[in-house]
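Have a look at the structure below before the remarks.
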C-alpha cells in the first residue's frame, strides 16, 4: 500500500475529492496547512502600509491506496488540481508498511 | 478611461436628478413653520400624517395649539428618546454586518462586513450633501428639492411638520440612519461575488435616485404615497421592499456563485450571526418606536408590537422546523426574528398586540416558503435579502392593511379586519407596487450601466481565493499563533 | 404516545393553575386607577411600595397631588428611560448567550446560544398570553389572575399602582424582559447535556408555574412578600435565586457530563464570554435603574450603586486570584462582575455607594468559595448558574437587610447596619427562603415529570458528538475555507 | 521586598498629591449652589463655561432664573439622556477591548481584553475613593481637593455648576466612564509585551496623578484651562491627548516587541475589531452628546457633528487607500472612523456640520501620515494609540480653534475660520501643550519608577509563548473539539 | 523506528492518549483533520432546507516508536479507539529512517 | 528524496523557515498541531481553580528534499529550533518514493 499525499489549492479540494472517488478511492483525510514555496505570498495592507505575507493557505490530502491504484491516483489528482499556475502544489508518495481498520481489525488492503 | 466614463455617469445621474428636482424647488419650499398648517389642509381627515404624528391618540389638546405656538419648544424626554433611537438604528448596520458576515465563508467575511460598514461612511456623507434634502424638502410628490442640501436651513429648532418637539437636525440624523442601513441590506443578495468598488458606486447612485425619492413619496411633506394615505410607519416599503427587490435584481444580473457540488458553503461563524440578529432586534426598537418621533404612547405601542412580532415569528420558524425535521436551528430562530421585525416595521404604529402576534406568525411562513423559491427559480439570493426583506416587507405592508386600527393610532386608519373595509388595503397594495417598481427599475438601470462601465463581478480566480484578500487586501483571521 | 402524555401534563398544569387563580380573580381586580388609593391604604407606613415608588425621596410635593389627578399623565422623560431600559434588559439575554456560549466546547456552542435565544421567542409569547396576567393582576397573595391574559386591558394609559407616569404596556414589556432572561439563566447549569426539546418544555412550564407566581409574590399588587415588606428592588429573589436554585436541582437530576480525565473542556471562546459580560453589565443598568420606573433620583442611585458593586466585585475577584496564583484571569474578572451585578440587584434601590462597595466585595468571596462546593459535593453545575446566581442572589438579598437605608429610598427600610435592627433582615431571610422553596419544589416536580415523559438528557453518542449537530442540525463554525 | 517598595511608592505618590491638594482645599470649596454665580463672575464674557453649559443657545430664558431657583429641579428627560449616555460610555471600554483584542495575535488576545476590562473594575473604585474628588471639587487651578472622597457630599440633588437639572451622582458616574476608558486607551501602545501587573499599577497611579488633575484643569470648577477659555467639549485633551502621548512614552520605554522578519503579526480577528469600532462609535454618542449634560439642542448638535465627522473620516481613509492601492481595507475604515470620533470630541459642542466634514476629512490625513512616523522613528506604538488618539486628539483640539462657532454654542467661542481671530486658536494650543506636558512628564516619572521597582516588560520566553498564558493562566480559544 | 499514524474519532483522543502512555509511548503529535470515508457525513439544516455535509471531524495521531513497540501500539489504539461503529478510523505504519531530538541532538530510539 | 518532518515550538517557525531557505530548500508545508511529550503541559485557571492542560501548541514542518540535502536540513533545523529547553521537538526523516509537481507534471527532484 502507498500513501499518496497531495498539497493543493484549497478551492480544488472538491474537484480532487470527486476525481478520487470516481476511480474508487474510498477514503481520504484532509488537513488545512500553510504552504511556503515558489508561489510567493501575497501583499496585504495594514493602516496605510503594505506588507508581504509569505505563506498561502493550502490543503493537504492523504489517501492510502492499493499499490496498483497509485498511478491512477496521481494522474487524477494532477488533472483535477491543475490550474496551470504556480502554486498548484505537489504530490508525494510514501510506502505504508501496515494498515489497520480500527473497527474490524482488518489489515492490509482490506483496511483501506 | 474607466474613470472618465464613471465620471460621466455621475454627471448624467445628477443632471437627470436636477431636472426632476428643479421643476418644483422653484416653488416656495416655504418657511417650515407654515408647513404644519398646510399639511393638515391637504391631507384632511382621509389622509393621516403618518409616522411623525404630532397628535397622538391621547393628546387631545394638540390641534388646538397651532396659532398660539410662536416658537415650538423642545421636549427633553422626546429628544432623549430620539437621540438614543438614532444611536440604536445606527447600531443595526454593524449588527447586519455581523449577521451577514457570519453566514459567508471566512474568506469573504470582511467583504460582507465592509459592504455594510461602508454605508455608515458613505451614505452619511451623501445624506448631508443631498440625500436628506431630496427626501424631505417639500418638492413635488415624487422627490424633494435641494433647499436643504448640505443641511442648509436644517437647524436646531423643530421642524413642526416632521417633529414639533425635537430639533430639526435630530429628525434629520434619525432618518440618516435609515438611509444607511437600507443599501447595506442589499449586500445580502450579492454575497461572495460582487466587486466592492461596483457595490460602492451602486450604493452611491441608488441612495440618491432610489432611496431618497421613495422616502419622499412615503414620508416627505407632500409625498405621493403619504398623501394617498398608504401607511408605512417605519419603513416597510422604503427600507425593506426597496432593498429586497433591488437585491433580487442584482442577484439575477450577477448570476450564481461558482460553487462545487460538495463545496462547504456553510456559515463560517453562526455565533456572529446570532449576535448580529440580537443587535438588529435591539436596534429595531429605535427604528420602529423611535419613528413616533416622541416618547409617548405611540412609541410604547410600537415598541411592544415590534417585540411581540419578532418573538412570534422566531417561535413560528423554529416550530415549523421542529415539525419538519425534529430539530430547531439557531439560524432559523434568527431568521424568523428578523423576518418578524421586517414585517412589523410598516405596521408598528398602527396595530395592537394581537395584530403583532398574527403578523409574526404569518411572516415566518411566507419567508420560509419564499426562500425556497430560489432553489426552484435558480437565482442566487445568497443570504436571502430578497427572501426575508423583500417578501417580509411586502407581507408586512399588506398586513398593515388588514390589522391597522385607529384604536392604536387615531392618525392611522382601520384595516380590513378592524372594520375598515378594503380601502386601506388597496392603498397598501399601491404602496407595495410603487416601491417594487421604483426599486426594480432603478436597480436595473443603475446596475446595467455599472456592468457596462466597470463590471459587477470579481473574476473567477478572485472569487475562489475569496474577496477579502483581493478586494480589501486583508483576511478576517490569522490562524498561526 | 409521548405527545399525548405531554399534552396531558399541560392540561394538568393549567388546571392546577386555574384552581389557584380563580378563587381570587372573581374579586374585583378593580379599575386600575383605584389601585393607587388602595395600595397605600393596605400597606401603610410599615409596608413600602417597593420597586415602582412614585414618591422618591427628594420629591416632597408628590403626596399632595393624589386627589387632584383625574387622569394620570405620561412623563416623556420617564417613558424614554423605561423604553430604553426595556431594550437594555432584552439585550442581556443575547449577552448571556455569549457569556455561556463562549464557556462551552465549540461543539456545544450553538446549543448554549439557543437555550437563551429561544427564551426571547418563547417566553415573550407566554408572557403575552398568561404570564404577565398571572404575575401582576391583583389575584391572591400567591398568584395573580387571568384578567390581563392576552394583554386585555393592558393599555397605553398608566397603571398608577405599577407606574403612574408611563403607559401600562411599557411596564408590561419591561417586566417581560425579566421573564425572558430568568429561565435562560438556568441553562448554565445544564450545559452540554440537556436535550433542547426538554429544556424548552421545562422553560415553558417553569415560566408559568414558578416565575409568574414568584414575581407576583414579590412585586405584584397584594403579593405576599411585597406586603410582608421583604425588599427586592430588581429581582434578586425573582430572577437570580429562582434560576440559580432551579439550575442546581436540574444539574443534580441530569447527572454529570461524561468527561474523560484529560479531556479539554476549556472555554472555546473567552472573548465571547467577555463580550457577553460587557453586554450584561451594560444591560443591567436598565435592569436595576429602570426598576425605578422613572427617570429620577432613585434611578440614578440604582445606576450608581449597580456600577460600583459590579466594579468592586470584579476587582475583588481578580485580587483574590492574584493573591492565590499571582495571576488574574479574564474569566475571573467577568465572573466577579456578574456576581456583583447579581448581588446588587435586590439592593439597588435601597443602598448607597458605601453599601455597594461592601456588597461587591462580599459577593466575590462568597461565590468564589461557593463554586468550589461543586467539586466536593459532586454536582455538575457546569457554568455555575447556581454558584453565581443562586448564591450571589441569596447573598444580595440578605445584604439588603444589612445595608438598606431610607436615606436612599424613603419607601424602603433601614437595614441592620443602618440602625434598622433585624426586622428587615428577618424579612429578607423569609424572602430568600420562599424563593428557594418555590424554585426547588417547582423544578423538582416539573423536571421529574419531563424526565419520565420525554427524558432530560441526550444520549451518550450525541453528547460526544456535541449537541449542536444532533439537536440543531448545525455547527457553530465551519473551518475549511 | 518588591512589595515593600511598591507600598513606599504608593505612599510617596499620595503624599505628593496631598501637598498639592491641601493648599487649596482649606479654602472654601463652597456650597455648590453658590458656584453658579461665582463661575460666570470669574470667567466673564471671555471665558465660557465649557462642557456643562446650563444655558444653551436657544434657551433665552435661562439667565433670568438664577435668583428665583431655591432648589434646582431634576429634569426627567435630561436625566434619561445622561443615564443612557453613561451606559453608552461604559460600553466603549469593552468596545475598545474588542477593537484592540482583534488586532493582536491570538496568544495575546485576552491580555488586550484584560488591559481594558480591568479599568472598568479598578478605575471605578479609584474614582469613588479619590478620583472624582480630585478632579471636580473646586480646589486650586491644577487639582481639586478631597472633600468628595468616597463620594461624601455627592448626592442626588443637582450640583448646579456641573449640571443643574440632573442629580449630582449622575454627573459623577458619567464622568467616571471617561476616567475608565482613558487609561485603557493607553494599552494600545504597549500591546504584546507589557506585564499585566505593571500595567495595573501604572493605571492606578496615572489615573490619580495624571487624569484627575488634567480633568480638573479642563473641566473642574476653577480649573486652569477652563478659566483660560480653552475649549474641550468632551475630552480631546483630557482623554485622547493624555492617553495617546502617555502611550508613546510607554512604548519608547518598553522598547519594541521581539518579532522575526517574517513572523505573522496580522490581526487575529478583524471582525472583533470591526465590532469594537462599531461599539465605540455607538458609545461615542453618549460621550460627546451626553457631554451637553442635558437632552437639548446642544446635545443634538453634538450628536450630529460626531456622526458626520466619524463618517467623513472613515470615508476619507478608505478613499486614500483606494487611490494608493486600489483596495479599501476594513481596518482602514475602522481606524478612520475612530480617528474622526477622536478629532470631533473636543469640538463636538462648538462646530456645525460643515466644520464636522472638515475635521473628519483632515484627521484621516493626519493620522494616516502620522502612523507612518513609527516606521521611520522606530518606536513600537503597536496598535497606534498614539497615532490615532494622540495625534487625532491634538488635531481635533486645534481644529476646534479653527471651526468653533457661537452659532452652535453661545457659551463657546468663534474660531479662526468663523471670524474669531487667533485668540481661541492660541488657547487651544496652550491646552494641547499643557495636556501633552502633563501626560509626558507624568508617564515618564510613573513608568520609570515602576520599571525600577517591578519592571515593565514580560521576559522573552513569556513574550514568545504569549501573554495570555503566563499573565492570566488562560487562553482565548481552545481548538480541539 | 516506525511512525504509527492513526485517524480516530475526536472524542476518543483522551482514551487513546492514555492507552499509549500506559504502554510507555512518551510523546505524540495530534492534528485536527477532516475525514472522508465510508462513514457518510451528516445532514445539516439551512433556512428550512436540508443538505449533506460529506466530511467528519477526525483527529490524527502520530506516534514515533521503537520497532518492537509497534504491535502493542497498534493493539492499544485499536482497542481504545474502537466503538464498533463505522468511522472508527485507520492506523497506518511508516518507516522512519532517522530521528533527532532537537534539544540534545540525540538520534535514533534515544530521540523518541 | 526524503521528507524531513520537524515538530517545533511555534515561535521558532520563522527562524527555521529562514534557515531552510538559506540552504536552498524551496518550499515547505506547515501544520498547526498539539504536542504531548516530556515537556509537561501548563496549568491554567478556571474560576479560582487550577487545572493542568497536558498538551502544547506546536508547529509541524514538512520539507521534501533531495537526498544529499538531508543532513544539512537536519542540521539547520536543529540549530534554528534549539532553545536548549525541554520541548524543542523532534525531526523525523521518511523516504519519498515519488514526487510530482502538479502544475508541470515534473517528477523526482525536479518536482521539489
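Letters A, B, C, D, E and F mark the chains as written, and numbering starts fresh at 1 in each.
FYI, a contact is a pair of C-beta atoms (placed from the backbone, for glycine too) under 8 Å apart; a residue touches a chain by one contact, two chains touch by 3 or more.
If you're wondering where the values come from, they're calculated on a predicted model, not measured in any experiment.
Counting hops only between chains that touch, chain C reaches chain E in a minimum of 1. For chain pairs B-E and D-F, the one joined by more C-beta pairs in contact is B-E. Here the C-alpha atoms of chain A line up with those of chain E after a rotation of 120°, rounded in steps of 5.
Averaged C-alpha coordinates put the centre of chain A at 53 Å from the centre of chain D.
Separation between the centroids of chain A and chain B, computed from CA atoms only, is 47 Å. As a whole-number value, the distance joining the C-alpha centres of chain C and chain D reads 35 Å. Among the residues of chain D, those touching two or more other chains are numbered 75-78, 80-81, 84, 262, 264, 266-267, 269, 275, 295, 325, 327, 329, 331, 472-475, 479-481.
Residues of chain F in contact with at least two other chains: 11, 17, 30-32, 34, 44-46, 50, 55, 94-95. Residues 3, 17, 26-31, 64, 94-103, 105, 111-112 of chain E are the ones touching chain F in the complex. For chain A in complex with chain F, the touching residues are 2, 6-8, 31-38, 55, 58, 60, 70, 74, 77-78, 81-95. The part of chain C that touches chain D in the complex is made up of residues 57-58, 75-78, 80-81, 84, 88, 105-107, 264, 266-271, 274-275, 278-279, 281-282, 285-286, 289, 294-297, 299-301, 303-304, 307-308, 310-312, 314-315, 318, 322, 325, 327-331, 333-334, 336-337, 353-354, 357, 466. Residues of chain A that touch chain D in their complex: 44-50, 53-55. Within the complex formed with chain C, the residues of chain E that make contact are 9, 11, 14-15, 17-18, 34, 42-46, 50.
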